[in-house]
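In what follows, chain A forms one complex with chain B and a second complex with chain C.
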Partner chain A sequence: MPIPELVQTHAGSVSRVTLGATKEQGGTRTHTVTIGGAASVVYGGLPEKAGDRPLIAMDVLDTRPDDWPESLSQSFDDVMDSPGKWAAKCVECGADLICLVFDGIHPDKGDKTAADAVAATREVLGAVGVPLILWGCENADKDNQVMPKVSEAAKGENCLIGIVEQDNYKAITAVALADGHNLITGAPLDINIGKQVNILVTDMGFPAERIVTYQSTGALGYGIEYAYSIGERQRLAALSGDKMMAMPAICNVGFEAWRAKEAKLADAPGWGDVAARGPMWEATTAICLLQAGADIIRLRHPKSVAIVKNFIDEIW
Partner chain B sequence: MILIGERINGMFTDVKQAIAEKNEKVIQDLARRQTEAGAKYLDVNVGTAAADQEGTIKWLVETIQKTCSTGLCLDSQKPAVIAAGLSVMNTENGGILNSTPLNKKSDEDVLDKYLDMADSAGPGVGVITLTMDKNGVPQDTDTRVAIAAEIVQKAMERGFDPQRLYIDPIILPVKVPNAQSQPGNILNAIEQIKYLAEPSPHITMGLSNLSQGTNERSLINRVFLAMAISRGMDSAIVEVLDKQLMDVVATSEMLMDKQIYSDSFLKVYSTT
Partner chain C sequence: MALTGLDIFKLLPKTNCKKCGMPTCLAFAMQLAQKRAKLDACPFVSDEAKQTLDAAAAPPMRLIKFGQGEHQVQVGQETVLFRHEEKFHNPAAVAAVVSDSLTGDALLARIKAVNGLQFERVGLHLGVNAVALKNDSGDPKLFRDAASALKQHSKLAVILYSDSADAIQGALEELTGACPLIASATQSTIEAMAGLAKTHKCPLAVKADSLEALAELTEKAAALGAEDLVLSLDGLSVKERLYTWTKARALALKKGCRALGYPTLSLVDQGDDTRQLADAASLLCKYGNIVAVDSVEPAVYLALLTVVTNIYTDPQKPIQVEAKLYEIGEPDETSPVLFTTNFSLTYYTVESDVEASRIPAYILVVDTEGTSVLTAYSGDKLNEECVKAAIDKFEVESKVKHRKMIIPGYVAVMSGKLEEATGWEVLVGPRESSMLPKYLQEVWSK
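This part shows the complex of A and B:
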């Protein structure tokens, strides 16, 4: 009896999401990018089933951060007061996308106004040609107040906006729908809630194929295994044909990795040079989550961007 | 779960009448409603509704395909009737040929005939094979599994992908005298048939047969469906218009970790 050829086929695949809009498409981006499309497990199938290459989004904050360690902030010290210049520098470092994070609107971190957020958005849109991610401060009330204005300011640019969560999704979903953006649905490392949020926003009429999912990311040493297993499970569900789990995924690696003391503590004899240690912590977290199926990785340090991009080049 | 809608069958009076009157609307309505309810395939069985079975199955296939691109499950014990249906079936939609035993006294090569027809129809067309041979329907677990093993081996020897095989361990009415041990035997058989190939063949059954003549048809069907799914059955010919039964499918698959739980899991259950 001949040995049968074993090729595992899957009923489903990860949906594809295109971000950005060029002038012809009603926006001002120089190009668009597309993520998703995988029809196999990560690095586990035929190359043509791997889907689109994962992308790096670099964080640009709307306000100068006061909690970044020097080993991280020194790369951007000269541009941190200008989101536009900061974004331009990130693009020079190889960012595929800019993730504009509105930390400064948080009531405890500056309580900036919607007008400030809109100004930052316009500045970044004017400074770079890559597509944008618009990320709120994760304070529900303030995001609901400010993000609709941000969304409107970027109307036509086909941004990725978020995040919406199980108990707070209506306002931002409605504006993303009205302004033609893509949406990030978030959950606190809980795949069941992640699926539920996707159902809730699609019930509002938001197209499933314009959603990117986000699960609170765990950094290396700080729960990465939970983030990894959720990513893996989400991919397997997508492959099995679960339409409410078939969205591409984004991970917030930069924020989480740079919270780890191993990444930022300068005075740590025996741990090695902090200038190399921090970016390695961030890059290692990113590379691990890429293997769980992440489609967009948010990063902060130019060195880790270079390491992760090199990894993607090598393996993709 | 690969669900096959059972309703387009000449045994049902509305279908029988529609066939007699060539009433396309009744058939198309059933096709559409079963598709919307989650049927991946639609069973098409002339039953006893017409003397001209070949002509009638052609009419049914053409009538359904006018409004619906759901895959069809051509249902007849006669290869000539299947061939007639296949001759007009759009095989790009996929399909299943339903069904053949391992062999018959009157036709030793009946399985080959069905596999030949599926092969000529293309790789999207599968075959439902019954765990039955020329000696009839086995009453125990072991004979069912042994026949299934012969079917799988035969398919693999001729290069027929086991994933195109649907093994049907044949559920008989529980009300028939001395038949009450059969559901248990079938559950045991399902568990073993799964391991006959890797990836395993699909396992299906004509579920409604179980409750023939009983007073609690839907309940009996639903409970046994849950039990069979828990043992590894991944397909069934069922009444997909029975909402309670479909909720049992969704819940069973969720409990078996085939679908990720969410608070709205019943609403979004998709049969794939």
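This part shows the complex of A and C:
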């Protein structure tokens, strides 16, 4: 039986952002990666218009974390004191990108110095060839103090650096511009603030085509529906031609998912073995957010990376 | 698809005879469009117009029920493509596969494992919704025996998976009154299967490899009297199914394509548990109404059932927890007291972080109509008065000897007024709940 035609015409699409720089481009990465480009809602058009394959960034912390559940930390126990070795192990696990998280500079989590952060950055740059994400500790003062130094240390590498927020964006936006990086704009699960911060940084002269948005993430069972709907609304806005909402999106799945009881509780009768359950919780969070249009997913466990990569291979 | 007043006007006699009580046919049409009048009021409408209008009034996606009693599954009647546009109405059903290649104790063990897929999380009960009995043996007798075992040992709604009308018929005879979903009729079995569905008053899934073929099958089934239908795709990859279901949802909702206005059924049985989990999770988002998984691993179902709960949450109605004094661990009269709001997400985040601190504590939940700390504070739903009222109502002063209240860092500004109103000493906690373990261990313990 003939069925009606579904003609989708959209005024806009998600912008494309390329990360990393090879030797010829002034960096030291072995290759670059590109995200974004979707010209339809997820599965809502031709597969050729679905945009670039979403990528997985694995978290590497600048300090050995003391609050990771054992089922997670055991995968990296031998490398957690060395961000470089940790990053190399992640690349072996299939990470497309390394997200170097400067948790350790947070005043309450070690209060490390800018010199420490620069050393960690250099170590990771030297240890792996994939492009880097440089993620601050989300304490505004400390990030403003340390991240400019980190940015400078990675100058020319075309990293993705952040996050900048509505009430604290100037310092990091300025250095990202000066050092030729791409920028992550952050907002607390509020799509209007998400747009506002994009407007603020572009008003400073930062190119919209070099921004990736972080709208905050909720884990499966803990508010994922908010992040999911913001993801869908962001994609629809991009398709409608709104240039200030057309950036690719990054989700911080690892951190959120591993806070969930379902991921970390070892003694949970009837919930299945925690060794399998934790990665499943993390991977399911990621897969749901991929349905809503995420472009980069931050993950932690090698097993969830494998699950999500297999899924991406199936679909993109 | 709702018709406009003008669409309806075109179907009326246009004689302006006023019998309907309206001055003109156009005025009547406008009233109809706003559902303020009934079509019966006009004695002259043609049968054709009646049909068109009835069809337009019916929901664009049919509601399908199968199973019995409290385990009845109800799916479909969705109205939007994106949950933020309104909400998803009838939570998708997750089914677990039981194969009839199992017999005796092995079959029983599998059925029991499926029955056991029940979970309590964040104060909610979640359980697998249905059993998909698969005729892997190809033997109608074994299928019938397995159906009989199911009837005896499980109350869950049943999906009968077989391409053989004979096998379905035998199983249906075992399951009288259980109203299983028959899956599935194909081009070659549609007559027999539709007959069985009609006789046994069960919904029927139809299966094909394209939307065009599916639309043809649903029309055929409906003509044969089987109107409670479910769509199923045959032989397509997960990727193809995701694209196809998304298109079907859009065609039914946006283009008024009746022949595709039915819920969907997807069987996920490729690969190991993790692959099935990934495939099923994506299908539950886009746009599976019933997803059957060939696993009995609890962690898979805990995750999938949580996906359904989250995606089908009404975006307009935040989920709330009961306002009361919650005990975490076994707190005593020296244990810390924290307050937070009754927005379930806020509460469960705080609860999980307090638990992680391993320090027994009381969490006082203040009723803020299900809003988060910041939203509640700025909307004046969280102030010193309501915290004081909660302290009194839940008799916090009889539970602890001290008078120290840990408050969320985001509302540090209310410290002064709160101290005045309650006489308690206020300790400003961290802004982010994730810092609570450290705060409790370091600040409180000193």
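We take it that the second predicted complex is superposed on the first by the 311 of 316 C-alpha atoms of A that agree within 3 Å, B and C clash if a C-alpha of one lies under 4 Å from a C-alpha of the other, contacts with A are read in each partner's own complex, and residues count from 1 in each chain.
In the analysis below, a residue touches a chain if its C-beta (ideal position, glycine included) is under 8 Å from a C-beta of that chain, and two chains touch if they have at least 3 such contacts.
What you see is a predicted model; the values in this text were computed from it and never measured.
Colleague: Kindly say whether there is room for both chain B and chain C on chain A in the superposition, answering fit or clash.
Modeller: Pair status: fit.
Colleague: Figure out whether A:195 sits in contact with chain B (first) or chain C (second), or with both, or with neither.
Modeller: Only chain B is touched by A:195; chain C is not.
Colleague: Of the partners chain B and chain C, which touch A:245 in the superposed model: first, second, both, neither?
Modeller: first
Colleague: Quick one: name whichever of chain B and chain C touches more residues of chain A.
Modeller: Comparing chain B with chain C, the partner touching more chain A residues is C.
Colleague: Could you say whether A:233 touches chain B, chain C, both of them, or neither, answering first, second, both or neither?
Modeller: In the superposed model, A:233 contacts both chain B and chain C.
Colleague: For A:12, select first, second, both or neither according to whether it touches chain B, chain C, the two together, or no partner.
Modeller: Touch partner of A:12: chain B, not chain C.
Colleague: Taking the superposition as given, does A:81 touch the first partner, chain B, the second, chain C, both, or neither?
Modeller: It touches nothing on chain B or chain C.
Colleague: What is the contact status of A:277 with respect to chain B (first) and chain C (second): first, second, both, or neither?
Modeller: Once the two structures are laid over each other on A, A:277 reaches chain C alone.
Colleague: Of the two partner chains, chain B (first) and chain C (second), which one does A:141 touch, if any: first, second, both, or neither?
Modeller: After superposition on chain A, A:141 lies in contact with neither partner.
Colleague: Go through the superposed model and pick first if A:92 touches only chain B, second if only chain C, both, or neither.
Modeller: In the superposed model, A:92 contacts neither chain B nor chain C.
Colleague: If you stack the two complexes on chain A, which partner ends up touching A:47: first (chain B), second (chain C), both, or neither?
Modeller: second
Colleague: By how many Å are the closest C-alpha atoms of chain B and chain C apart after the superposition?
Modeller: 6
Colleague: Jot down the residues of chain A that show up as touching in both complexes, chain B in one and chain C in the other.
Modeller: On chain A, the residues that contact chain B in one structure and chain C in the other are 1-2, 4, 6, 233.
Colleague: Using the touch definition from the top, list the residues of chain C that touch chain A in their complex.
Modeller: So the residues of chain C touching chain A come out as 81-84, 116, 118-119, 121-122, 211-213, 215-216, 219, 237-239, 242-243, 245-247, 250-251, 254-255, 257, 259-260, 273-275, 277-279, 281-282, 285-286, 297-300, 302-304, 306-307, 309-311, 313, 315, 345, 348-349, 352-353, 355-356, 434-435, 437-438.
Colleague: Going by the contact rule set out above, which residues of chain A touch chain C in the complex?
Modeller: Contact set of chain A toward chain C: 1-4, 6, 41-44, 47, 67, 108, 218, 220-225, 228-229, 232-233, 236, 259-262, 270-273, 276-277, 279-281, 283-284, 287-288, 290-292, 303, 306-308, 310-311, 314-315.
Colleague: Under the touch definition given earlier, write down the residues of chain A that touch chain B in their complex.
Modeller: 1-2, 4, 6, 8-9, 11-12, 191-193, 195-196, 199-200, 233, 237, 240-245
Colleague: Quick check: in the complex, which residue numbers of chain B touch chain A?
Modeller: Per the stated touch rule, the residues are 153, 156-157, 159, 161-163, 197-199, 258-264, 267-268, 270, 272.
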